[in-house]
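Following are the structures in question.
Next come two complexes, and both contain chain A; in the first it sits with chain B, in the second with chain C.
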Partner chain A sequence: MTRTRTPGISRRSTLALMGAGAITFAAPWVARAQAKTIKIGMPTILSGRVAQLGTSSRNAVMLEVEKVNAAGGLAGRHIEMVIRDSKGQPQEAARVARELVNTDGCELLLDGEASSGSFAVHEVARDLGVLCVHTCSEASSLTADPKQHIPNAFRCVRQGIHDSIVGGSYAASIAKAKRLKKWATCSPDYAYGRDTTGEFTLYLKRFAPDVEIVSESWPKLFQPDYTEVVTKILQAKPQALYSCLWGGDLTSYIDQANIYAMFSQMEVFAVNMADYTALTVVKNLPKGIHSGNRYIKTFPATPENAAWGDAYKAKYNEYPTNWSWQNATAVMFLSEAAKKANSADGKKIAEVLKGLTIRCPFGADGTVTMRGDDHTLVGYAIGWGTTIPQEPYVPEVKAGDWKTIFELEAEWKKSKGYT
Partner chain B sequence: MDLDALAGCLASSACLVTQTTSGLIIGMLLFLVAVGLTLIFGVLKVVNFSHGAFYMFGAYFAMTAYQLTGSFALAMLAGAAGTAILGLIFERVFMSRVYGADVLMQLLVCYAFVLIFDDVVRIIWGPEFKSMGMPSAFQVMPLFIAGGVVPPYYLLLIGVALLAAVVLGIGLSRSRIGKVIRAAAHNPGMVSALGINTGLIYGGVFALGGMLAGLAGALAAPVRSLTPGMGFSVLIESFIVTVIGGMGSILGALIGALLLGLIRSFGSLGFPLFTEGLMYLFMVIVLVSKPTGLFGREAA
Partner chain C sequence: MTELEAGRAETLAPVRSGAVLRRYRDVLIALIALAVLASLPLFTGSKALLDFVIRCSAYGLFATSLNLLVGYTGLTSFGHGMFFGLGAYSFGLIMQKLGVPIPVAFVATLAITAIVSAIIGAICVRLKEIYFAFVTLAFQMLIHSTILSWASFTGGDQGLRGGIPRPPFLGIDLANHVHLYVASCALLILGLLAMRQIAQSPFGYTLRMIRDNAARASFLGIDVWRAKLTVFVLAALFASMGGMVMALFVSGAYPEFAYWTISGEGIFINMLGGVSTFLGPMVGTVLLLLLNDTVTRFTEYHGIVLGVVILFFALGLRKGLLDFAAEWFAQRRDAGEGR
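Here is the complex of A and B:
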């Protein structure tokens, strides 16, 4: 039996032709859509006790992304941010990060998580191979520990070890000048509090060997009442106190210590005091608290930094936080790297990011660098000063010396077995 | 463990005064929250899991009133009265519907309102932490009693809490309303049969409990940061107090709160890494030796 074909175009051919036509007409549109928009995913903390930091991260990112988009986008592609709440829970941060890449089609990740969540997001980046820039975790081991190293992850954040070296050096100079030998510490009882306090006292004793720690207090995170901690410190009669309490815990502590006149009885070094979140909330801020800089628009004292702080305040009606400048810097790095790579491809951007130096309002000398060997931020403005109860809050900041930081950081890495 | 520090403190009058007043301060604020909790349980037989929210609202109401008027007295009044009204509405509209329900249902309703109240605070006052600030009248040097340091504001705080304890104790044992409340706690059916509106009594007790927690929040506002969810940590310790003192016992709440305050105060010297654990250890010891708590009564 033979099959006879009817003249003209068969049904199958018609369907094939229609399909080809559709593809022909739709392809440029699809290609244009891919070329014009790049989605960047961002898990961060938008609810709970530290929601303010997550919100300030989102604000800073949007402020910078608007500028990048206005200037033509990321290597010509319009940035669309997809920002999701992790509620500050590591497992949720990991789930959100994975969903952003796999379901939402995000090609890059900005990890706006605190330390605990960052390690979880880091593992997602390791698994998916997507370019990830950590923007909030200060835990030094995230990039210092070679076991954590992956080619597609970078950290655009200040580091605990850098702060401790500068803080220890600054505190030791005050200790020597004022003969402060008896010290007490009071820090939150979790990894950040323990590590940062340990590193601070390590460098304090290195620069001022006759310092003695006479009392240690470890209140739990988000503890509402510090009365017994305050009175315990008063009993020990130290000449100076170090604390890395932060946010609402720090302001509660100051309010409660104030009525015991603690600040007139000892020098207080609170690394997280000089952040607008704390400075503007404390109603009776004591004069003369020593603090590391977090974000203040007067340090570095440059027109660029002041303008950035003012622009942020004008847009959001509040001052930026420490997390804000770090997130803004991350977007600046991505933009500059994409320009140099002439591509928004994560792998190409990652190649360029290694060792990249960019102009930045938050740089100690007007620039910051993404160090090539451990993918971490260096060269940012870092220093300590004393507070006053009104703006500019920390009128004079003594800048840390990056040469010393690099030397001691290298020693620290060696002592930890990281190099 | 630093037993030398503890022994040294017990041998020094200055340290003894400072740490004892520190314990009283912690204890008295806890008492105000816990006594409302125990009162509501004693009369309504409901474990009010949302009680911490009234502490939170008391603090926010006080801060707002203080910002608007600059008056500390009005701030305290706003904290207490505002939460009393809120407590009355909450009881009449929601809690009264689950009195006969399963305990699990009551817990579920209370927990739902913990989340709802936190979100309400977040919407009205924002998610960031706030500080009321110490009124200028109390921004003075602390008193030195026998070498110990005692801030004047804390003396006021202890005084107000003590006054509340005395008024509550006398009111419940001597006044007619107090007797009716106790009768309603013992046999609500009989009280109702005598023509007394038990719904009104329940609403009043809930409002009183809420008011005491709100007063605690208002008193704490000048020295503690205000955040959505701030009532939760206080609630946990208040539960420990009521378990130690005996559910439903006002005297038990007072003694339990003071003991817990002193454990925290002196425990931070002798057992700095186990202060929290000491509280739970003490609760376990009390429960093992007297399962109904120090002043609790066996169920009939």
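Here is the complex of A and C:
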């Protein structure tokens, strides 16, 4: 038996026509619904050695975005985050950032990249003109160097130079009180390690001129064995040690130096110690390590900060990191700026962001400001204190003085030829 | 001409004309490919697609140049990425510090690469197999460490910041996305064509002979060291071109461009695409970038996915995709002829 086709429209054609008709009529509705949503792109490091920091950035952003969406969104538009892994490679960060804007239709960028990746994303922002808020790169030159300045990029991150000024002044006061004259340094051998250590010793000597650096060690980044470094420092017999090792490097270093009882032989200043990623991982956290605050929920000692830290812990079953509060602050800034601009348009938000002060759990006085002239975050809580082996880990933090920071930062900028 | 020589000339003539025809065929294919790629922006407004092709150009030039060493000469370099990084940094630094026109910077970068690769190559190509691989890797780490340490010149681990200036020349404005796209395509096609000519030339066949039996080549009067050094420098030049395209794409240069992982990606691409066909690395490049771009959209566990894919190629196919396809077609043809 053979089948013959009957003339006229077949069932399949009818269905296809109906489908096409439905799509045609539904398209404007779909488009309108899409326009109601605003996509924010975020390249960050979700794999490799610093994945924990990238993940904590994503967590903090999602925590804040949920709040903003619950309160009506960004100027009435529901936020949809598109977060992708850059593997910590600058070329991949640039590619992902371009893809987020060009393919995924993201209208704003949160740049969760560190170091070179942030400069790569900065160039994408320069090229595409999209509003970009850097949320993780602490390199001072990103905003201090006028060559980097573009009207559509902001930095919502603590800065190396701010930390060095506060650390130098704090360490000098201890050095004077305890007569610590012989100092050693031990920092990772790359730009961050060398720059931060150089700036710290600069301000240490400025506030305590009779300090002398008797030993310098530059272990490689991600070095597994610190025995030679520890013994070299012990042989130099310094009275105090400064280190800007961070993350896994810092915890490995402390665990290995503990074997030599290093921490009972000298005062140790480790700027990156007071971060839960380090505090909770060290096996036997020595008492009395001096550290700058990265993120701890007890500094600033306000109910808002404690509540934020607890909310994060409740949601993700771990404490936030330094990257977390910075990313959360960036979302707070965007939300507040969009409210003031009454728009989610990047250009309008950028105009409002300049010089904007918002209430924030991480502010030194309960507020933080996006400084207008160099588009960078100031007024955040910054200070130093000493560790204890259990919570709250750093019970008392001596807050840095922002007036001094501003004065010395202006001098530093001048010395670098930035102003 | 003796009778015997005349007889030989008669038999050689069709071979020569075949070679000439093949050469023209290659040029024709290149022109068509360039025309198709260059006209792509007329049909699509997708910037992502253009970005993809620009990145394919950078990695394609790099991977194919690596195949000149690995596939054609049997020199497995673990440090070829150093020339990718060198190209990106030299070009970026010349543009930032000297502000010369782009073609001048392009030629100067190639000259720098030629000098550096000749010095490194002169030391490396004396070695064989694993020793060659590891000494090239050592030189790569030396260049990478120099970039990191010489922070006042190279920007250290933060890379060349502030963007690479791209002043227009001859009506070409590389700050314009479409212009950059067409220029990248042109560089890719010209580079591939040049590498194809090298591979198909008597020199290319000398390289194959060295790969198969260097001692025999030497006994036939070939200066093996000189031939290896020449191809080492030539491959470095094309890798450097790839680096320049990448520097223009990201408007900067970063130490990661000169890190061993870039060399690893080059080897990975060659394994994916195959080393016994000329276009194998190009196919590998497209595959790897497609895989990377799609997998990273959905998961941060891309390492696992890429690992499974490479295992599939290494253990399943036991060769690159294009090698596998070429073999399959050859078997089918043979089977057809046999019938």
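One rule holds for everything that comes next: the second predicted complex is superposed on the first by the 387 of 419 C-alpha atoms of A that agree within 3 Å, B and C clash if a C-alpha of one lies under 4 Å from a C-alpha of the other, contacts with A are read in each partner's own complex, and residues count from 1 in each chain.
Definition applied: contacts are C-beta pairs under 8 Å (C-beta built on N, C-alpha and C of every residue); 3 or more make two chains touch, one makes a residue touch a chain.
Model, not experiment: these values are computed from the prediction.
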Side-by-side fit of chain B and chain C on chain A, or clash: fit
Contacts of A:Thr231 with chain B and chain C, given as first, second, both or neither: first
First, second, both or neither for A:Val282, with chain B first and chain C second: first
Partner chain in contact with A:Tyr192 - chain B first, chain C second, else both or neither: second
Touched partner set for A:Ala139, first chain B, second chain C, both or neither: second
First (chain B), second (chain C), both or neither touched by A:Asn258: first
First (chain B), second (chain C), both or neither touched by A:Arg126: second
Which superposed partner A:Ser116 touches (first chain B, second chain C, both, neither): second
First (chain B), second (chain C), both or neither touched by A:Arg95: second
First (chain B), second (chain C), both or neither touched by A:Arg84: second
Overlay on shared chain A, then closest C-alpha pair between chain B and chain C (Å): 5
Overlap of chain C and chain B interfaces on chain A (superposed complexes): 47, 51
Chain A to chain B touching residues, read off their complex: 47-49, 51-52, 55, 216-218, 220, 222-225, 227-232, 234-235, 247-249, 251-252, 255-256, 258-261, 277, 281-284
Complex interface listing, chain B residues touching chain A: 5, 9, 15, 18-19, 22-23, 25-26, 29, 127-134, 138-139, 141-142, 149, 151-154, 220, 222-225, 227, 229-230, 233-234, 264-265, 267-269, 272-273, 275-276
Complex contacts: residues of chain A adjacent to chain C: 46-47, 51, 84-85, 87, 89-92, 94-96, 98-99, 102-103, 115-116, 119-120, 122-124, 126-127, 139, 141, 145, 147-148, 190-192, 194
Chain A contact footprint on chain C (complex, rising order): 46-48, 51, 55, 148, 151, 156-159, 161-163, 246, 249-252, 254-257, 261, 293, 296-297, 300-303
